[in-house]
Amino acid sequence: MRSDPHVHAAGAALADLVLKKTGVDVARCYQCGKCSAGCPLAAEMDFPPSQIMHLLQLRDLPGFAEMALRSHTIWLCLTCEICFCRCPMELDIPKVMDALRHEALARGMVHPKAKDILAFHRAFLDSVRVTGRLFEMGQVVDYKLRSGHFLQDMLQAPWMFWVGKLHLLPERVRDRRALKRIFARTRRAGEKRP
Amino acid sequence: MPDFQPKIVAFVCNWCTYAGADLTGTSRMKYSPQVSIIRFPCTGRIDFMLLLKAFASGADGIIVSGCHPNDCHYSSGNFHARRRWIIFRGLLDFLGIDVRRVQFSWVSAAEGAKWAQLVNETSERIRELGPFAGYQRLRGLGVG
Amino acid sequence: MNALREKARELLATKTVQVVIGYAPGSGGAARALFVREAAQAGELVFDETCLQNLAAYLMKPEVRRLGRAALVARPATLRTILQLAAENQLAESSLLALVPGADGVLSLSTFSAIEAHVAAQDNDLSAAEKSELEKFAAMGLDERREFWQEQFSRCLKCYACRAACPLCYCTRCTVECNQPQWIPVPAHDLGNLEWNVMRAMHLAGRCTNCGDCSRACPVGIPLYLLNQKLCSDVLSSFNQRSGMAARADHSLSTFKPDDPEDFIR
Amino acid sequence: MARIGVFICHCGENISATVDVKQVAAAAARIPGVAHSVEYKYMCSDPGQQLVKDAIREKGLTGVVVAACSPRMHEPTFRRACAETGLNPFLCEMANIREHCSWVHEKGDATTEKAIDIVRTLVAKVKKNKALQPIQVPVTKVALVIGGGIAGIQASLDIANAGHRVILVEREPSIGGHMSQLSETFPTLDCSQCILTPRMVEVAQHPNITLYSYAELESLDGFIGNFKARIRRKARSLDETLCTGCGLCTQKCPTRKIPGEFDAGLGLRPAIYVPFPQAVPNKPVIDREHCTYYRTGKCRLCEKICPTQAIRFDQLDEIVEVEVGAVVVATGFDIKHGDFFPEYGYGKYPDVIDGLQFERLASASGPTLGEIRRPSDGKVPETVVFVACAGSRDPAKGIEYCSKICCMYTAKHAMLYRHKVHGGKPYVFYMDIRAGGKMYEEFVRRAMEEDGVQYVRGRISRVFERDGKLVVKGADTLLGARPMEIEADLVVLATAAVAQPGAEELAQKLHVSYDAHRFFSEAHPKLRPVETNTAGIFLAGACQAPKDIPESVAQASGAAAKVAALFSRSELVREPLIAVVDRQPPPVYSSCVGCFLCQSACPYQAIEKEEIRGRDGQLIKTVARVNPGLCQGCGTCVAFCRTKSIDIQGFSHEQVHAEVLALLNRGERDA
Amino acid sequence: MKTGFYPGCSMKGSAREYSESLLAVARELNRELPEVPDWNCCGATAAHNLDPDLALALPARILAAAEKDGMDEVLVPCAACYSRLKVTRHELLEDEQLRQRISGLVEADYRGSTEVLNILEWLSRVPELEKHVKKPFQRKVACYYGCLLVRPAGIVKFDRPEDPQTMDLLMRKLGAEPIDWAFKTECCGAGFSVSRTDLVAKLSGHILEDAVSRGAEAVIVACPMCHLNLDMRRPNIEKRAGKKISIPVIYITQALGLAMGLPAKKLGLQRHKVAVKISAANAAAKDI
């Protein structure tokens, strides 16, 4: 931790926001690259994790930190925790990724290629909001509507019915009103949902 | 008691904590100015009577700090001190004196950051506990 | 009792000792000390439940020492006091023997090792009643304890009767008499009284053998025994040590173990 | 009536930037007993000191308080200045308003107030100071050097060549240390043993040096000039005076498959062994843990064949007591071993090795006679991955610091590999290259430019085994952190340099301080790098922090110079900050009642019993007395004394009592 | 000691056989596993990706319900749910202010007395598990832990994050021979099963290929998501790899059930995409 209070006081750099929300001080990253070396999806990413950290480190250089928000990386991160596990500085990178996702959503800076991933997550939460539990059938249909991928997975569904894995009717939480209230309260803090 | 500024006396040994506090300074780490240090050769030298005198003279809190176990410059002064404090603390508590006002600690010559943290946390705690009015009232007869 | 008198007579007659320090009936339900220097006088000795005083205190008085070798009628705490004084280099083995009256006669212990063996066999724990009183204190709130002691100490006269009665307060110059610096203010008032009593308790920590004479001596009835019992109990629980168990022993506060408890130290 | 002078230093702006020094000076002037109070920009400068000296003379000061930096910095300066005017130096005190005030608080009234508090406290103290006379103690002109690596060897030779006796203690059967295990040395690539062994022989032959190999320090008591060391000579199971070092026993010993320490576990040795051919002394030792005779009671083959009947199965450890005047600690370092890097398979895969093991592979005296062959199957590796910073600069592994030597030795390893295996492919994964040193950068450039070592900037994430290869998962941070996999035959981890096991215990025996990583602490990080906080004990080499050979040697010579300087005098002057027991005229003699609780509390056995006898020889009383030669001034006895009969000079009851009262603003009534 | 059971959504649907086999095994071991009353979804990846408060609120409601019901611990067999519950517990107990705020959000107070347990911890506690083995599972198996059972190590504090051993030890007790392999804790693609099937095919493909190349006859898992990716996504994996990969993927509870001699059907083995053609008893492969 840096002890000088003045550093954080000046301007609201993204790095400060990350520090506030996650407790992770990106200045501690010394760019060893161990996270990128172990990340299962680093090859798919536009900026591997160590570079995301470096973008945040360039706190005052216009446009750089924003590149992290607009990156595909933050949506590809699987939260597999291997980077955090091996980071010599013990930086909770997955938590930073979460914070960046939330910020990207709030600022409307989601990477275009993340559309499908985002659609899936939204369909998932919608299902939970309505039933309190994930209704896989409903979610898959919802996702297809949101993503436009109608054919994908159609082959799987009959088989899943067949082996008894997919139900036509959802499981439900009894106290669904309570769930709705939770969603209503957290929504205020979170993204502007469509 | 928002603007209560406690008076805290730190009794520290010369070799570890005094040097550690020097390091805090050399490293320019900041801490609360309510604490002042009195230097002793070793924690073994610190007479429990001095702690009583500090409270009697108006201290709201006391820090006693020296070398970590096995690191005493004099090899065992801190071990003797530790025994004395175990007993003294128990007695104070038995007499209804809040032992949270006396913070014992080990701060080595390398632990400048720990010193700053210790002082800040102790000041904060004493600030929360407020002035040591109960003890200071005993001075009523004006002897000090 | 007859055995005790017989033994005293014999010790004096054979000049094994020059004085037998024992008890004689006293006023107010407590026996008083009796110094028997002639065999003929031995018949005055008594020993019963009113004999509470720790006669070891007299061993430290120069006037008594001048009398010569003493036989001391000893209660359990007295024996431990003798050993503690020996451990503090205050008693020569040849200067005394201890008389322990029991159901079947009187035991004469003439060496420190004999006293040690006897002490090791006796019950040196606080009594159940003493323990429960300490527990009651521990259960009280901090403020409640403070108020209790403030009230008690407010009555202290600084008469030092506790000190005079205590066999372990043999210092020729007490801290309270030091005036450069003046550690403890001379007049009796709340602060000075607290400091005096804390100081005395600390100076007895690990040394006191819980004879209780300080409390009995206190003219205003401050339960000083509580402080001493608290410290006895802390010394035992923290260091597994007891005072007055051996004539050559390290004092529990001037020794240490590397793994003494330190959960209160940051 | 006290006449105290208060001298407040600005320390440039170090103090005056946050403390209102004028206000402090004004406040000090109002303290009763203060006769003079001034502030000045640099009190420690010549004119500043002159200010103090002039005031002492002109104002007839009886005490001086210099409010400036820590007494650890300039107390000696101002005490000397006082002494020059004839004022007893112990009547001068430092009020630390820099490290403990101006540097740690923000500018403001509270900070100035605190500075005034500190000054008032020290004024109260100095009023109670007494003039003291320094103590003279004799010096035993023998040095104890602990550790026989290159640092210990150098220190021993330098001290011995200065004409003083040296006792060199080495834990292992031979001196030589890590340097004797190295193949070549950077940046010259000269053979390590070739340059080391002549020094080892010189140690063995030097008339001033007594070598105790296979020995350890048991305890050290005493103080500068007058230490007493107890050394445990571990049983070699051998009469060294008879053994000729012929080596017959080591050749015939039937128990031969013990992983050898000298070869970092890669080679095998017998149960009776000499660690390496050039060992000094060249006398074997029996490893009792593995020896058949000690395990089963049968064998004794070595005893039978020894031409001089030197084997002693019943030999016991021997304790040697020596008196020495100074100690040089040169116990060196270790590297991190074991299950330290599960993600790299270190300790799991035989072909993931550490730097020291690679040294042995590359060394002509090593298990492969200098051929690079991997441990698992003896194959010559076609691809070798070298990993720098394996555990160093890694707070998650508990080691924040840079091990300092790895950048250089890794470059050396990669070069040696290229020299020995033509067509071999060396990769070095690194974070930064730290090549500060004479010819060091050039050396690393040579590895890249001439020897074709491929450097990849990044830390590897994982090593796993697949089809007989070690798959190294890394990323090149210079290429967009692009992940890469290298199939290697051998992986060499430059594991962190750490303190020796047992460093903590040794520090405790010596009463020297050590840091969080158990490296021994120097007295001052810049200005007293070879001294410890304990006078008379000096440091050399990597026991203080990771160091390479030239630095270790330089520090060893520095420590030796310090020892020689100490031994240049026959007597030392010590500060008289020691305990004294009160003495009074008859009939009291002393307020001490002779309970001797102080005696068991004293860490130095400095408290003696003194019998006071009358003119007739009759014992009047037995009281405590402090032996001023032994007392180190901790004051533990003082706090135990119920009659306040023991006091400590410099931190007396009166002094500290006055400080407490003054600090809390209540000192004036007492004044 | 009351141990509750949090099935999570997938164990009611796509991972039905995990639940079936767990309950069958629990019955056999005489262990009661009452469900957490009126439990809800833990929020999974979606919640923590999109909404930090929701990511804590959903698990907090579950924990509070379990605590209120007097459960000393909750068994969470799904590794993903386990991670969410464990992380939430950690964060709430670390930060009292946060705990109070989240308690307000979910209208229930979780004080931290209920612990969170994964399936391996639960099984490791069964005394003398080997005594229940009737048909030793004499197979070379690849124990696949995935990510969230062992990471983040500082929070889950379970086994070691690199080369963990708990499942290997359990399988050894069942008579199996766990192989030493490189992908024990590599990620399978997790929540991308539907949205980025291509990536799942790649990551899961690497895992299966390593297991097969080292002679494993089955992959043992303890997570419905891992199972989904390794089993149900097998067509995608095979398509990407350009070859047939027939190694079955078995929940540890199924392996245990087989070793205890329970019928395959009771353990839901028929619901797998990749046919499980091994029985526990012997090396002679036989269809079940």
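The letters A, B, C, D and E name the chains in turn, as written, and every chain counts its residues from 1.
We adopt the following convention: a residue touches a chain if its C-beta (ideal position, glycine included) is under 8 Å from a C-beta of that chain, and two chains touch if they have at least 3 such contacts.
Please read these numbers as outputs of a predicted model, since none were measured by experiment.
If you take chain C and chain D together, the chains in touch with both are B. Note on connectivity: the fewest steps through touching chains from chain B to chain C is 1. Most remote chain with respect to chain E, judged by CA-atom centres, is C.
Should one ask which of A-D and D-E has more C-beta pairs in contact, the pair is A-D. Distance between chain B and chain E, defined via averaged C-alpha coordinates, is recorded as 52 Å. Rounded to whole angstrom, the centroid-to-centroid distance between chain A and chain B, based on C-alpha atoms, equals 48 Å. In whole angstrom, the spacing between the mean C-alpha positions of chain B and chain D is 29. In chain A, the residues that touch at least two other chains are 82, 90. For chain C, the set of residues touching two or more other chains reads 175, 183, 253-255. Within chain E, residues 161-162 each touch two or more of the remaining chains.
Of all the residues in chain D, the ones that touch chain A in their complex are 343, 389, 393-397, 431, 457-462, 473-477, 480-483.
Partner chain B is touched in their complex by these residues of chain C: 137, 142-150, 175, 183, 185, 187, 189-192, 194-195, 198-199, 201-202, 205-206, 226-227, 230-231, 234-235, 238-239, 252-258, 260-262, 264-266.
Across the complex, chain A is touched by residues 9-10, 12-16, 38-41, 43-55, 57-58, 61, 105-107, 147-148, 151-154, 161-162, 185-187, 189-192, 194-197, 199, 203, 232, 235, 270-273 of chain E. Contact residues on chain A toward chain D in their complex (touch as defined above): 30-39, 42-43, 47-51, 82, 86-90. On the chain D side of its complex with chain E, the touching residues are 342-343, 348, 464-467, 471.
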